[in-house]
Amino acid sequence: MSHAVIASLSGFSLLPSYTVIGLTLGGVYALAATGLVLIYRVSGVLNFAHGAVAMFSTFVAYQISVVAGVPSPIGLLAAVATGAALGFVIEFLTIRPLAGRPPLTKVAVTIAWLLVLQTAAGLIWGSTGYHRPVQLVGSNGFTVPFTNVVVGYDQLTIFLVAVGLSLGTSALLRWTSLGAQMRAVADDPQAARLWGIDVDRVSAASWMIGSAMAAVAGVLITPLLNFDTYSLTVLVIDAFTAALIGRLTNLPLTVVGAILLGLVQYYPKAFFNQAGLSELSTFVLALITLAVVFRPGLAASRGRG
Amino acid sequence: MTVLLQIDGVSKRYGGVQALNDVSFRVERGRIKGLIGPNGAGKTSLFNCVCGVLRVDSGHIRYAGRDLHGLAPHRRARLGIARTFQTLELFRELTVLENLMVPVDAAARRGMLADALRLPRARFEENRAGERAHALLHFLGIAEVAGIPGGDLAIGIQRRVELGRALALRPTLLLLDEPAAGLDSRETAELAGVLSRIRERFGTTMLLVDHDMSLVMRVCDDIAVLDYGRLIAEGPPERIREDPTVVRAYLGESAA
Amino acid sequence: MSGPVSRNRRLGLAAVVAAVALLPALESDFQRGLDSDAVIIALLVLSVVVLTGFVGQISFCQYSFAAMGAFTVGALMDGHGWSFWLALPVGVTVAVLAGVLVGIPALRLSGLLLAVLTVAVALFTDRFLLVTGTWDGFSGGAVPWHPSRPSLLGAPLTGSYAYYLFALAILCVAVLLVWNLRRGRAGRVLRAVRDSELAAATVGLDVTAWKLAAFGLSAGIAGLAGALLAVRIGSVSPGSYDFLHSVQLTALATVMGVSAIAAAPAAGIATVFGPELLSGIAVSSTWFPLLIGTALILQLVLVPEGAVVRTRHDMARLARLVSGRRGRDPAIAEAAR
């Protein structure tokens, strides 16, 4: 570490307000990660284009609400529609025909989509420079009673919407018939087919819902970071990290992991003035999670899918 | 007669099942020992413990006087312990010849650089590995499939190739996990002949698991019987055939 | 696979190499610069072929390994006044170490999770490690490193043609070494490990060591490419080694077919001259990644084995048809059933 890293004890006074930001960010990660896990569980595909889908959908909202000036809720709806449509197209055109192929082939397809969406967005909206974010709620806020911590209404909204949607998805899986079908497909696609479940339809539904969640996460997160094509595309690694904490299957644990990630990314910034601390935190957390949560033995490592 | 493999109070528990429960027996050098028992009796678990894929919970496995505890599978293989698999584990994309060359490759001491530069030594060893593999294929009577990928072969031939791959290691101890599974009676009779010839030619000690009693009774010098992870009988074939415990536990089941 | 290479094929290859070496003599400096880039990209794709084609592992951080080579060479030459010939092996060694380090989790993780980890490594490298203020002694900080081109045996490599020939020679040597490895023991062993790790271990293969060696080799080749790129451009900045570059590289290699070494030169030619052709037909060269992505999607859905491999199969089939030879001896075909 160089001398440019400035450590200061005064950082502690920043912790309460950084907690607010960290929670907000964590909420958005929870939303993105829930979508990722939903797609993975039902269709068995780890979607590396998840962030790219979020990015592209968010730029559609940007086009509508920031460029054309249409009220932002309509922009958000357009983003959701775009996300769902992208999810459907990816599943229908490029995942379904690859049934029975190794997992890494499907990963390659999602990587191709990442490249396509990333380049397309760069061509349409420009790949350099930051864009004005879509503001759903005004940025004024309130002071938490008995403290001097200010919480923005936008932050509160983002957190509530994100966590609400994530937990809502868990509820959907648990209590609706579509959810029951999704769980059946996740457990054993062959058996689900025998039970008369339309596996293709359920898989498409998971991609549409999961991608729509990515879209919402994208729109919500833009006020919190530098809004450009790249930073949203790499949102996928934050979603991955949260999903890993939930072992790629457990939704409530994923939400907890996401919020943990948000906090872990923000707290170091209270003490060190250094670019890239979020990425460092994500990397370290991902490594720890992989080391602790996943440890297959020799015989189990021959996943050929 | 010296003891080559000594299983000493070995227990192994996994997946909520006591796969092996205080099992002890020994295999003498140069003999063919049968290991039988109903499905789930712990035979494959025992193999996995001997070749190091599974770690024993308690007990000792001694091989040629040496405790194998903590030794990785590839190190045990280099000590001369080879095996075949009940569920075929051929290198499916490699040709049969290549399948038999891999064990020789594994034992080679040259570095990657020698290969990359194709130094004379690398070429010499490469040729020798090929020759050895060819000789083994002839010995096993499958020389004509040398150039065919392992995954494209019929089950019977795949089992023969796996046997060849194990022999390419020049093993002292050969663990055979249901080598007759999926073979018809003619192929099984052939296999019995091959096993006898292996012992004659290489003096290999063998531990043979199979459900085909005709094979086990014909080639084994003595037999150990496992049931629910426990050793319930041990002795020469004629005695095992008559042992009431064995008949109840094992033969009774297959008769039903 | 391990049979002797036919004389005709050797002559053909020599002719191609000679043509590729001589043609740029007629070109402009700008064109030769592109040629050098093509060679360097071919080297990077070769690193993907080693990792993905040999071990079956997808990586999204090949440019991070390249960055290890590039920034080490940049820092040692520009920052400490080292000679290129001393800095180069150090740079490659650093890349190899990075590769082995990334490879260690690969011993426990499935391919899918390791792919995720490589994304984390790529972002860690380009958004933390190489960012100004983190470790300026390595990244150069606000002012990029400016390593100058070396001379070889008294002949300066500053000219565009000289440098092109130098890079091409390195590529040829690397391809030859990898090819030797592939058709010999290493290729066999790594394919065996990919088929069944369990069986590989029980015939005495140290699966761990072989996998790490492949990771190290792949990263080393990428680091070599990075070092060459550093002196080719004459400046080293983080933007040229980011995650998206790695993604594009992996996509490109997959389109060409990661199991074939020939994918490397093919991909090199495609990346450098593809955008040129696009601008020739009045389409902006920024469309190129879009085309790669689309090509990859189409290829995976329609031709899963890869373009180069498919073409080779088709050619072989054509050759058989033309010569009217029977594919297999009937006796063997029967034994194979």
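The first chain written gets the first letter, and so on, giving A, B and C; residue counts start at 1 in each chain.
Here is the rule we use: contacts are C-beta pairs under 8 Å (C-beta built on N, C-alpha and C of every residue); 3 or more make two chains touch, one makes a residue touch a chain.
In this text the structure is predicted, and so the values were computed from the model without any measurement.
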item	value
Leader among chain pairs (count of C-beta contacts)	A-C
Chain located farthest away, centre of chain B as origin (C-alpha)	A
Euclidean distance of C-alpha centroids - chain A vs chain C, Å	31
Distance between the centres, which are taken as Cα means, of chain B and chain A, whole angstrom	49
Intercentroid distance (Cα basis), chain C paired with chain B, Å	41
Where chain A touches two or more other chains at once, by residue number	298-299
Interface hub residues of chain C, defined as touching at least two other chains	196, 198, 201, 207
Where chain B touches two or more other chains, by residue	53, 73
List of chain A residues in touch with chain C within their complex	1-2, 4-5, 46, 48, 93-94, 97-98, 101, 103-105, 107-109, 111-116, 118-120, 122-123, 127, 230, 233-234, 236-237, 240-241, 244, 274-277, 279-280, 282-283, 286-287, 290-291, 294-296, 298-299, 301-303
For the chain C and chain B complex, residues of the former touching the latter	1-2, 177-178, 180-181, 184-186, 188-189, 191-192, 194-196, 198-207, 213, 217, 331-332, 335-337
For the chain B and chain C complex, residues of the former touching the latter	51-53, 72-74, 77-78, 82-83, 85, 89-95, 98-99, 101-103, 105-108, 112, 115-118, 122, 125-126, 129-130, 142, 144-145, 147-148, 152-154, 157, 165-166, 168-169
Contacting residues of chain C [partner chain A, same complex]	56, 58, 60, 105, 108-113, 115-117, 119-121, 123-124, 127-129, 131-137, 196-198, 201, 207, 243-244, 247-248, 250-251, 254, 284, 286-287, 289-290, 292-294, 296-297, 300-301, 304
